[in-house]
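What follows is a structure written as structure tokens; I'll ask about it next.
Order as written gives the chain letters A, B and C; numbering starts at 1 within each chain.
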Amino acid sequence: MSAIVTTLEQRIGRGATTQEFFVNMGPQHPSTHGVLRLVLKLEGETVKDVIPVLGYVHRGVEKMGEHLSYRQFVHLTDRLDYLSALANNWAVAKAVEKAAGIETNERIETIRTLVAELQRIASHQLWWGVFGMDLGAFTPFLYGFRDRERITDILEETIGARLTMNYIQPGGVMFDLHPDFQRKVKEFIAYFRPKLEEYETLLSRNIIAQERMRGVGVLEAAQAVALGATGPVLRASGVAHDLRKSEPYGVYGKVEFDVPVGARGDCWDRYWVRIEEIRQSLRIIEQLIENIPEGKHLLVKPAVRTKVPEGITYSQVETARGVFGVLLVSDGKDVPYRIHVRTPNFNNLWAITRIAPGWRVADLVTMISSLDIVVPDIDR
Amino acid sequence: MGSGWETTTLAERAAEAMPGSLLAGAGYVLLAVVGASLFVAVLGMALIYAERKVAAHFQCRLGPMRVGPHGIFQTVADTIKLLFKEDIVPAQSDRVLHLAAPFFSMMATLLALVALPMSPIVQVADMNIGVLYITAVTGFGVLGVLLAGWSSNNKWSLLGAMRAGAQIISYEVSATMSLLVVVLFSGSMQLSRIVESQADGWWIWRAPVVGVVAFVIFLIASLAEISRTPFDLPEGESELTAGFHTEYSGLRFAMFFLAEFVNMFVVSAMATTLFLGGWMPFHIGGVESFNAVMDLLPPGAWFALKSAAVVFLIMWFRWTFPRLRVDQLMKLEWKVLLPIGFVNLFAAATAVVFGWYFFPF
Amino acid sequence: MDVSRMNPIVAPPLRRSGFFADIVAGLRSLLQGMGITFRYFSHPSTVVTQQYPENRATLKMFDRYRMRLSLPHDENGFHKCTACRICEQACPNGSINVVSRKGAVTGKTELDRYIWRMDSCTFCNACVMACPFSCLKMNGDFECSVFDKSLLVFNLTRYAGPTSTVLMKVENPEERRKLWEPRDVYSGPLPLRGTELPGGGKTLGKPEEPARSET
């Protein structure tokens, strides 16, 4: 075993000769959710240290953005956090609208809120399935995907794409809602509420799953804030920070919903926060779906290359994984001088270096999964 | 013990034939070898197909549908594929052990099959220490796993092998403890006599409460011994990629795979034999007309049905539960199963001494 | 931040009650889970698998599904493209090359070839949105797998002549017929920016390497 060896003997001067060893978890590993590489320092099964190694899917999105018009840049954000493409689109659209002073109407904002919340549910469904699989239960994975498929179908009918949607544009949305949208969303809510109960029975109340999550990987609130963790990871640590409440955008200011927070910051809290967020998202959708205001869906001519006045603009939205921010630096042209994206997963990932040491390999898998990491979002 | 069943075993027949002509004796040996290989291969493929179909339907899927009607030849196709795949041995591995490990796993499984009474006339050898024998040889399987993990020179494999070693050896204690309950009640370690002792009713219900508890403990402990979910830590796909057989491919991987599935059958057959009456039809002592109806189905079919039910139960567990963690696994064994097993054994002994069970002799 | 506006709801703790109570509760939770999976097992109607190649006849993609760019031609074989190149500029990754030429009869710019590279396309729909004449459409023809990625370069113009409005102005029917004769489907080199195309067209944009004058 060609590892860096430090024997206990060397360290504490007794007769024992166990050795710590390094092992690569990833970039090809079933539980690193893509091409994340974690270098683990193990002592037996116990994790002593975790070193994330990034960059396997770095595509230079920010640099590419300097050569694309604002509208063209939107489609690149689909490819960051592909599970919440709409929220990412929205962040760019919001930044451009803020910088260029484009007004939107009530209908556009309602549509954006609706589709973003639908996608938040879809994202959490997929996370639930993958979390179950990482715990060793295969079936939740299929159930999660089965129910996510319904949302994907609804969005596909309106948007015309299933994953990389490029739907929310500066100054509106690409297509108006499909005539079937309202009916299908209502059908989905009626279908999904009982299914959510099944999720709870199958995994949340399962004694094995509970034992695997209870007290595992506690992320203190102060640590979470210091790491810049956002989204469910931060909220599970007990910090009630949700942009939808604290600086409402879209029509979030007009709907009622609660912000689930955790009590201790362990895996169970992160699990529970996401499950509860599905419920809250369903609540938001229910409030909005009945009365979608009339109006145009796109207020800017699509062929126009929007010019943004000189200056720096920052805007952020709450995606399914946390705060997605866009920083635009404009020199008055129709392409940005510099564009920076603040992706939630990059900050959330580093929580693993704080919470993993001392736990076992199996717990490490649970923790990574409970952080809900999407690797292209980290590497950009 | 008044059961009217003629029982013969292959070993007995071979022993009878041997003095007359050596050729006939050799014929029986050949029959046993060919029969066993065929049986294991067909059983393995059938179980893999069943697993895939059952899993699919638990998960709202269809499973294999393409090769043959409803995909029944899918496993055949996969087996052929595995046979023709390159058998890769890692450069830095312990070559001899790496090549030998799958055979140890397979051998343990095959040896266990020897003693199982599948019907009054289908049994290879009926030892008077049958229960002990099966416990001993199934424990042999861990050797293959340990060798595989160690010789692969892969840290993930090693982790898996170490997990397997700790797990299998621990759970063997509980499994044996629950087997002893049945041994106490039937008064024999010979598997054919244990089956015959259940002519009036199966031990799972004939021995009040202790039978059920022993059955549950046996099932849990055996699941751990054969590394099925929720105790599939040695393979632990999401943690260790494939555990001890990460570095195996082709035929050798197929042997591990086959051993795993046939092990599942061995466990089900053991549970059937000891707790569910083996090949004995469902009888209630003294109710002759009912028993006569039950006798219409041949004993072999009873055995197959009962084993299939237990196999289904095991699959059902697998496709519902998440996996335990290493320390939780140990905690479950040493702090929960073992104490309960001890108390249960004591209770069983008391019940036997005082004759507190249904239809005493 | 005003925390009271947040209405935070706090996660319930997971409690342990005692050795035997936990075993009973645990076993119950496991059985409940098994109940759920068994319900799906025993109801084949809950299967959601679609048998893909077999269900081709009934499989219908949504109208808006974005997969393959097309330049719809009407029943007479006319399209509405004027080769204005707005789509080419709207494309974020240079997947569209509009090759135009001077019309032989009208002397105006007309579409020669509309080359679309599916291999680099991201299906963002920007070209369709940008087209001022609504002559582009994304359709749901999703079966596009090929063994060679150069087969994913499409020429969308079956007929690559002047637009119908221009064509209608040509009085002589013989001459008109000559104009709308179909041209070959594109089969030349990959249209990298600045390379010359067979038939004398040149793709838009700066050449990435000095143009070879001898070709």
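One rule holds for everything that comes next: a residue touches a chain if its C-beta (ideal position, glycine included) is under 8 Å from a C-beta of that chain, and two chains touch if they have at least 3 such contacts.
Small disclaimer: the values here were computed from a predicted structure and weren't measured.
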item: Most distant chain from chain A, judged by the mean position of its C-alpha atoms; value: B
item: Chain whose Cα mean lies nearest the overall Cα mean; value: A
item: Chain pair, A-C or B-C, that carries the greater number of C-beta contacts; value: A-C
item: Rounded Å distance, chain A centre to chain B centre (Cα mean); value: 44
item: Inter-centroid spacing, chain C versus chain A (mean Cα positions, whole Å); value: 26
item: Intercentroid distance (Cα basis), chain C paired with chain B, Å; value: 54
item: Of all residues in chain B, the ones touching two or more other chains; value: 58-61, 319-321
item: Numbers and ranges of chain A residues touching at least 2 other chains; value: 139, 146, 202-203, 206, 208
item: Residues of chain C touching at least two other chains; value: 30, 33, 36-37, 48
item: Complex contacts: residues of chain C adjacent to chain B; value: 23, 30, 33-34, 36-38, 40-41, 44, 46-49, 51
item: Complex contacts: residues of chain A adjacent to chain B; value: 1, 21, 23, 29-31, 42, 44-45, 132-139, 142-143, 146, 202-203, 206, 208-209, 211-212, 360-363, 365
item: Of all residues in chain B, those that touch chain C in their complex; value: 54, 56-62, 65, 316-317, 319-321, 336
item: Parts of chain B lying in touch with chain A, wherever the complex brings them together; value: 55, 58-61, 153, 155-156, 159, 162-163, 229-230, 232-233, 236-241, 318-328
item: Residues of chain A defined as touching chain C within the complex; value: 68, 71-76, 139, 146, 149, 156-161, 164, 166, 174-175, 178, 198, 201-203, 205-208, 210, 213-214, 236, 240-242, 245-246, 257-264, 268-269, 272-273, 276, 302-303
